[in-house]
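Letters are used for the chains, namely A, B, C, D and E, taken in the order the chains are written, and counting of residues starts over at 1 for each.
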Amino acid sequence: MSNIVDVPVGPQHPALKEPLNITCYVDGEQVVGAKLRIGYNHRGIEKAGEYQTFIQNLYIAERICGICGIVHAFDLAQATEHIIGKEIPRRADYLRTIGLELNRIHSHLLWLGVAAHEIGFDTLFMYVWRDREVVMDVIEDFTGNRVTYALVTIGGVRRDLPQEKAEKMLRVMDALEETVKKYKEMCLNEKTIRMRCDGVGVLRKEDAIALCAVGPTIRASGVPFDIRADDPHAAYDEIPFKVVTYDTCDVTARILVRIDETLESINIVREAIKKMPSGPIRARLPRAVPVGEGVGRTEAPRGEVIHYVRSNGTDRPFRWKVRAPTLANLLSIPVMLTSKGDYVVYIADVPITFASIDPCLSCTDRAVKFVDVSSGKSWVWTFSQIKRMYWKDKPCWRERP
Amino acid sequence: MEGEAVIQELIDVLRTLLFPGFLFFVILGLFFEWIDRKFYAKLQNRVGPLYTGPWGLLQPLADFVKLMAKEDIVPEGAIKPIFSSVPVFALALSLFAALFLPVCGPQGIVSFPGDVIVLAVVLTLLVILVFLGGLSPASRYPEVGAERSVLQLLGYEIPLVASILGATAMTVGLGGSLSIEGIVNAQRDWWSILGFQALGFAIFLLAAQAELERVPFDIPEAETEIVAGWTTEYSGKKLALLRLARDVELAFLCGLGATLFLGGPWPGPLVPGLGGAIVSTIIFVIKSIVVLLLLTVIRAAMSRLRIDQMVNFAWKYLVPLSIFQLLLAVVVAPLMIHLLTL
Amino acid sequence: MPIFREVLRTAPKKRATLLYPFEKRDVPLDYRGRIEINYDLCVGCGLCVKECPSQALELVTLPDGKKKPRYYVARCTFCAQCVESCPRNAIKSTQIYELATYNRKAEVVEPCGTSR
Amino acid sequence: MTLEEELVSKLKERFGDRILEAKVQRARRIFVTVDRSAYKDVIRFLRNDVGVTHVSTISGVDAIDHFEVIPHLSYKGIVVSVRAIVPKDKPEIDTITDVIPGALFYEKEVHEMFGIDIKGHPDLTHLELPDDWPEGLYPLRKDVKLEELFRRITKERD
Amino acid sequence: MGLVDWARLRSPWVLHFNTGACNGCDIEVVAALTPRYDVERFGIRLVGSPRHADILIVTGPVTKQVEKRLKRVYEQMPEPKFVMAVGNCCASSGAFRNCYNVYPGLDNVIPVDVYVMGCPPKPEAIINGVVKLLEKLKKLKGGAS
């Protein structure tokens, strides 16, 4: 069989994601370097934003991504409010916080399910998604849709949370806490999961900092970098919560960070409902935004989201810049995939390492290009072929060193 | 005399074609797929097929008929003769294997001393077919799937054969012959699984799961990794036949498990004596379903292993264990029986 | 193997499935479904058209010279911004969410009340 | 003196006139405008002497009469936006990837969207745009109109 | 109704293709498979290979880069095949109308049989769309035979 194979169409799957290409440089069976190519999902939102009003942009921002949609809408609203320079009602802050945290819960559960499906554990996937449905119900009840919230608007929020809905939400949170604890137990004790995740995809603390990783990825490397704590937005300044970090820096750490964060989020939602002041939920702000610029930052489920907005005094932004968290984390992938000293990356570790940053562009095009550093030859493999290759080079009865 | 022979011949042909031969096993295969899907769904808190026939009972049939009627594409560059014949051979082979099973009496339709060995060979041939089926379309995913199935075969082949031989050894130890009939009759009042064969049964279940390429050994078909593995390029009729072959194989392996370890058509230790053909068939099917349900639980409660982990696991645990239990069956058990009967 | 326990525990449980077309869950009263325009209340100010993020509303001039919004359902993002923008409360969100169609171009609500 | 003001005065002290403007917009938001020549020195100073390690993103802006390149740095929860002015007739700027490696993708993005040359950048290929993107078409420049992009990229709209 | 038509209506296998969606519709399509909605009730199975599929579910506005691959997948599917556009950005580019890199609707690239409108549609609505598609199929057959 020849070594050179063309890039496959890639599994068209419940592909929750945008595609991406990785080039790995290998020496024998070790990966010694990696490079990325993204952009198959580029739509041109930033340009469109300059032709639409701020209000319209809120909704397109929400659709940059359906998984952490509210984060983008919130962030755009926040940056715009900074330009206008008016405070918004406190109750709106709390309602936004609830929205953001519900979003985090659903996103982390979703990831857990997808990761389970990834390793062929469909039953766990089914269970997690079944239990996630209750969160979706709460969200639907609160915002009017399961996925796109349309909750945040410039100057506040569009919907209030009446007493009875809040009580229902609290009940759901209590039940969910039990479930999530059960999953944590399961992930800690399930041998196959540990076998495939411990010591894999290590991102050392220094590297995580140098490459500006964000979210659970950097926190799993022991850095307590969490926008909610460092740069409190919404009502995070009044709600105590723990910034979860683990310091084993590997895939297991990333799983545990996400699960613990889910538990933390459940607490935040409870706390926010308890502390929420009464009052108006939005301030009427002018539709035309004064000249100026603003930067909004938010901690999305996958890490820091930043929006930069410039206004020239009309009702449309002059420039609107978005940076989603996955882009920030992608840069760490080549490092996780590079053998260095004692740390050896096998080709078979590539897929799971990649999935561990919770990339929103993972699987549609999961081909990896390899370049042999000694001969300069290059070829393309799918993730599956990698696994086969791995087997060939390592006789099965020998344990991995 | 002459007439009787003709009638006998006719009955044999009917037995082969209808009951308990081909038609019976095709229906049983479809039925087992339904049970498998339903129970799998149940374990996942779902309902599974529901609207096709009562409780979705006809779902596998609908799938089959639909695929038969669909356009059948032969991909460019495929080695056509092999690509097209693999599904037919796969179905023929699994049906052939099924003829050995003692469905309505202690004897299968085909039965001769040493038929157990033939069965083991047929099981291996089926995997070779997978290999050919995967290589012929000259496409990458199937290729990988095909290679994986052979790698996997290396892992579970020995345990599978060893567990079959273990069950056989009992009969040999008791003075029987190397045949299915002997094995079945040896379990007249005492099922193998209740004796020294419990371990053998467990090994058989795992190996059967691997032979059927189901979780945790669905590596050759790993959907998230290589689309649909070696079947990726098959469509229409050929896919229908392949799936049917899989179903028959499933029914066959469950039946084999029931035969070797659960006493086949014998009603059980407490109720001596063999019922009529119908009663035997019912008992046989029920026992097979028990095996099937166990296989389904395994499928639901495990994650897929990586190919290296699978082979590793097979060689480190399955192979030694299966040899150990074979020794147990060949040496220790007859000894004990000998001592007891002394 | 904690999952083994979980699987066996799940087996006797009642299904979590909702038999959808035959059983339906209640949709929240304030669900953001397809919108409904009350053309009697509408004064044709065009605010909704201006703020619709997906150009699902378009101002058309009726034969009598009045301006009213036309609604393209297949473009709508169901954000209910128009409900909020309308100064006359002429637009409402409904609970209708089962919106499948064979021809998206036919899913247009004309101001005179007929559908094209 | 708040942390924000302290940072601004530190910068002013160190760079004097080369800081064109520095203001604290609100809590945890600082905007600093620098001359293009001082851009890299400011970043290096922030990295080595102040201890800023994280760059959140780099925004490019086409401000009609000039371009702006604005890295948003993060320091103890404060966002420091350093604005470098880039004239239109010579659109180029130094890379900062050797100071903060995390800026790699963001500089690529600025390059492909605005056509600003990043001097010293290790790999100026496309980040988001497809490989067959028309040469010299920089979608976020103000003189590139949306209608033109539609015409050149996708077909007519209905 | 013949046996074949009966089978066809009861065994729709689907292939899911993301053409640049915001993931909102994708998670709803996946959610339709999970215990709460469990579309396996209808005999629906999610398959990975275009060769096995009867229905292509497309989500998202069709971006320029994805066009070629989408066409290829469509061509690989055996007849009879159907296309279902899920979400309004797939039907008409929805919120992305002003984005330069997307087509204004899936029907500019491949023929579409049924549109499920929503942004995103609830999983129930997606099931409803499938039911509608099956109805169309039934009628088609009725007219032909």
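Just so we're on the same page, a contact is a pair of C-beta atoms (placed from the backbone, for glycine too) under 8 Å apart; a residue touches a chain by one contact, two chains touch by 3 or more.
Computed from a predicted structure; not experimentally measured.
K.L.:
On the document's contact criterion, could you list the chains that touch chain B and likewise touch chain E?
P.N.:
For chain B paired with chain E, the chains in contact with each are A, C, in label order.
K.L.:
Supply the minimal count of touching-chain steps required to go from chain A to chain D.
P.N.:
Minimal hop count between chain A and chain D: 1.
K.L.:
If you take the mean of the Cα atoms for each chain, which one ends up farthest from chain D?
P.N.:
It is B whose centre lies farthest from that of chain D.
K.L.:
What chain is the most remote from chain A, judged by the mean position of CA atoms in each chain?
P.N.:
Greatest centre separation from chain A goes to chain B.
K.L.:
Give me the two chains with the most inter-chain contact pairs.
P.N.:
Most contacting pair of chains: A-E.
K.L.:
What whole-number Å value describes the gap between the mean CA coordinates of chain A and chain E?
P.N.:
27
K.L.:
What whole-number Å value describes the gap between the mean CA coordinates of chain A and chain B?
P.N.:
44
K.L.:
Report the inter-centroid distance (CA atoms only) between chain B and chain C in whole Å.
P.N.:
Going by mean C-alpha positions, chain B sits 52 Å from chain C.
K.L.:
Centre to centre, by mean C-alpha position, how many angstrom separate chain C and chain D?
P.N.:
The answer is 41 Å.
K.L.:
Quick one: which residues in chain E touch 2 or more of the other chains?
P.N.:
34-36, 38, 41, 48, 65, 94-95, 97-98, 100-102, 105, 119, 122
K.L.:
Touching two or more other chains, which residues of chain D qualify?
P.N.:
In chain D, the residues touching two or more other chains are 130, 139, 146, 149.
K.L.:
Could you tell me which residues belong to chain B and also touch two or more other chains?
P.N.:
43-47, 50, 141, 223, 227, 300-302, in rising order.
K.L.:
Return all touching chain pairs.
P.N.:
A-B, A-C, A-D, A-E, B-C, B-E, C-E, D-E
K.L.:
Hey, which residues of chain A end up touching chain C in the complex?
P.N.:
52-53, 55-60, 63, 121, 123-124, 127, 130, 133, 140-141, 144-145, 148, 150, 158-159, 182, 185-186, 189-191
K.L.:
List the residues on chain A that touch chain E in their complex, please.
P.N.:
9, 11-18, 39-45, 47-48, 51-52, 59-60, 63-67, 69, 110, 125-127, 129-130, 133, 136, 145-148, 360, 364
K.L.:
In the complex, go through chain D and note every residue touching chain E.
P.N.:
130, 139, 146, 149-150, 153-155, 157-158
K.L.:
Quick one: which bits of chain E touch chain A in the complex? Just the residue numbers, please.
P.N.:
Those residues of chain E that touch chain A are 15-18, 20-31, 33-36, 46, 48, 50, 61, 63, 65-66, 69, 72-73, 89, 94-102, 119-120, 122.
K.L.:
Show which residues of chain A lie in contact with chain D when the two form their complex.
P.N.:
The touching residues are 38-40, 42, 44, 46-48, 51, 82, 85, 209-213, 225, 227, 230-231, 293-295, 297, 304, 306, 308, 310, 318-319, 321, 323, 327-328, 330-331.
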